[in-house]
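Below is one structure, written out as structure tokens; comments come after it.
Chain nomenclature is as follows: A, B, C and D, assigned in order of appearance, with residue numbering initiated at 1 for each chain independently.
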Amino acid sequence: MKKLDRKQIAARLARDIPDGAYVNLGIGLPTLVAEHLPKDREIVLHSENGVLGIGPRPAKGMEDGDLVNAGKQPVTLLAGGAFFHHADSFGMIRGRHLDYCVLGAFQVSVAGDLANWHTGAPDAIPAVGGAMDLAAGAKHVLVMMEHLTKDGKSKIVERCTYPLTGARCVNRIYTDLAVIDVKADGLHVVEIVGGLSFEELQRLTGVALKYREPVAQ
Amino acid sequence: MIDKFIATAQAALADVPDGATVMIGGFGGAGMPSELIDALIARGAKQLTVVSNNAGSADAGLAALIAAKCVRKIICSFPRQTDSWHFDKAYRAGELELELVPQGTLAERIRAAGAGIGAFYTPTAFGTKLAEGKETRRIGERDYVLEYPIHADYALIKADRADRWGNLTYRMTARNFGPIMAAAAQCTVAQVRETVPLGALDPEAVVTPGIFVQRVVRIAPLRKAA
Amino acid sequence: MKKLDRKQIAARLARDIPDGAYVNLGIGLPTLVAEHLPKDREIVLHSENGVLGIGPRPAKGMEDGDLVNAGKQPVTLLAGGAFFHHADSFGMIRGRHLDYCVLGAFQVSVAGDLANWHTGAPDAIPAVGGAMDLAAGAKHVLVMMEHLTKDGKSKIVERCTYPLTGARCVNRIYTDLAVIDVKADGLHVVEIVGGLSFEELQRLTGVALKYREPVAQ
Amino acid sequence: MIDKFIATAQAALADVPDGATVMIGGFGGAGMPSELIDALIARGAKQLTVVSNNAGSADAGLAALIAAKCVRKIICSFPRQTDSWHFDKAYRAGELELELVPQGTLAERIRAAGAGIGAFYTPTAFGTKLAEGKETRRIGERDYVLEYPIHADYALIKADRADRWGNLTYRMTARNFGPIMAAAAQCTVAQVRETVPLGALDPEAVVTPGIFVQRVVRIAPLRKAA
């Protein structure tokens, strides 16, 4: 089996974003997707701190502290971009105007519940940011994460044990092992990395997966 | 590539079905998308629900849409004008349902639809006929009425300049309902005076970001007689 | 007695608007106030169709159909003016940012209820516009009207018989006969036109008025 | 004559009392009104409730306000940062109350205060810990949580340019919470990079109309070392 690395997960996900889509990339891992969007598509990136049309990272020395993304990293603005205030920005999110958002996750449940903001540890300082708004508002919520925790447990679970970010909100999961759709009747495997059998994926994941073997050519 | 420019108003409205809910921008003549309304009449969709501040005046625009018997219901704040004869006639004949909404509540209900708000409490109209039968609640020292969003299938608005991403600017008080209607409709069609290359609009001064706009039609202003 | 004419009522009301105030003048009669604002004060006029900083009427031939007030009359914009959309404009009103609004009225009750949008006639076509928002939202609601109806009945009443625009919202009434404050304990006469006694004003008005005779010099 | 310009940040904040609710703009460093926060620390008002997206980072700005023990409670969406040590310490010591609010709900609650909305239903956070104990309602096919406005006594914001009426423009993503906080506070104090004569700002591009702004302080940007 050849697990995808983070860049490969990002590249795989990026392939599914169609031309003309309005997309929010969550802070952390999802930000990587920006670098892998197909060059022949025009995709408009949104950041919840009030900007549409984010361009590539600025060249060294060209950073401007007034032009940052939701992760507070310096960005640039493309021709066609626009600025707006926070209430308008979250109106876009909540009002279902974003075609896709991409979020990291601690856990995703069979029902599409998402946990990504809080470990639930009693001494942890909580911080939620815009994650709950994105989970509740985007037309398609895509999750990007490693399939297993560091100690080998599946992050796809029957029920989330961490506090929820949103209930029944995830549409598709991209991991280092597979691409999985969350549907009303359960989890459908779309793709598996080379060298990994469905049976092995099923064993690693724990919860029930559905799969239609691709027809051999 | 994103290109929201459409060659003609007719093409931009070719798929409006019977029974659609259509928002129409404008406050009187300012911001009224006259050419789009003409195209909607030509399209011939019937049984429309129209959301607009007024109910048309004289014989053109929204008044003509009513005269052409395309409208089943109108949601507005100020239908009565000295020259709203087409509305008056259809209303008195019982051919047109009217939902009268205070102007600020109309604006906020449209805004709520675009911003994903499920309902909101407003102090406007509490204790009046226009709040009859509505849920109310005392919050702090003020009484409020519960109001729900107004969503639309189409919004027809008039802006000033647009780029191919659908970013819009407006001209003076012609802005009025344009930005909020754009966000509240599934398909927003903007008629503009001028189209400009991507990057020509100041990103600080874009009023309606393109995410809210699906189609843009340039309507050249009528040349004034010399 | 010398009744005030419409211009004189407007001028009297205008004297009470302080320097720096943000003011909305309702359509019809209240629009007259604009022409009588003291020249040594800077007063910012708001119109609910999305403009602050309205200036005088344009010169003949200089009208622009895109620059109108709530009465759809052509206006001009002062230096310092700004445009905004309808939701923002009514946010200003509802959010108590306007210092004053001036409205016409069919009737005002002792409790400060306002009726100005509908005669209640069964065949009348109703139209409300922004009147209910202004009545509910402005910090001070000033009413400007003739004291009596054409057939001599008081427009200041115990209870409004016309449908309400707003309940308990009026702060002060300016008529051709008097200036009257609406307070929790009733109606207080502030001023009476020359030649009219309080007793006569009381008789014409019908509902109970309070008055503290000005001390003679 | 209207003149909202104030000579110094200290003078602009001289009347902030103990126990005030103070909104502070900014998203991280972008739009953070650092000099106003310094003046607030110098003013020495205690027991403040602060409304801001973050809870400060490193040792300056909001972090310094917390370090100076001026803050009793903070309402924010994202307090935890790698360098939020002053917040972390005060929070763990139980000296600081935290109300954690999803960022969009925070923005909408602030917007509701400015717009006179008594309460609103939002889909955000339904079914999560942050909606525990809150009223909920199913409207159409979606579940919503009832949320209330956040009003403030003061808003401290950073804008780009201002005229003497208090009209403001912003610079790029430094806009963030500025416009909505300006409308939600009784007294809004804006620090700006530049003041301009009345009429110099394009009326189509004013982002915060002066009606929402009470005081403006020009803070000259630090000159960069040559």
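Observations, loosely collected:
Everything that follows uses one rule, which is that contacts are C-beta pairs under 8 Å (C-beta built on N, C-alpha and C of every residue); 3 or more make two chains touch, one makes a residue touch a chain.
Only a predicted model underlies this, so the values are computations on that prediction, with no experimental measurement involved.
Of the two chain pairs considered here, A-D and C-D, the higher C-beta contact count falls to A-D.
Distance between chain B and chain C, defined via averaged C-alpha coordinates, is recorded as 29 Å.
Mean C-alpha position of chain C lies 35 Å from that of chain D.
Chain A and chain C have CA centres that are 55 Å apart.
Contact of a single residue of chain B with at least two other chains is seen at positions 108, 111, 115-117, 122-123, 170-172, 203-204, 207. Multi-chain contact residues of chain A (touching two or more other chains) are listed as 77, 83-84, 87, 90-91, 93-94, 137.
Shown here, the protein chains touch in an arrangement that is not a line, ring, star or fully connected set. Chain D makes touch with chain B in their complex at residues 108, 112, 115-123, 137, 139-140, 142, 144, 148, 169-172, 202-205, 207. Those residues of chain A that touch chain B in the shared complex are 19-20, 22, 42, 44, 46, 52-53, 77, 79-84, 87, 90-98, 137.
Of all residues in chain B, only 27-31, 53, 77-81, 84, 87-88, 91-92, 98, 100-105, 107-108, 110-111, 122-130, 170-180, 207 touch chain C in the complex they form.
Note for the complex: chain D touches chain C at residues 1-2, 111, 113-117, 163-165, 167, 183, 198-199, 201, 203-204, 206, 209-212.
Interface of chain C with chain B (complex): residues 47-51, 64-68, 72, 77, 83-87, 89-91, 93-94, 118, 123, 125-133, 136-137, 163-167.
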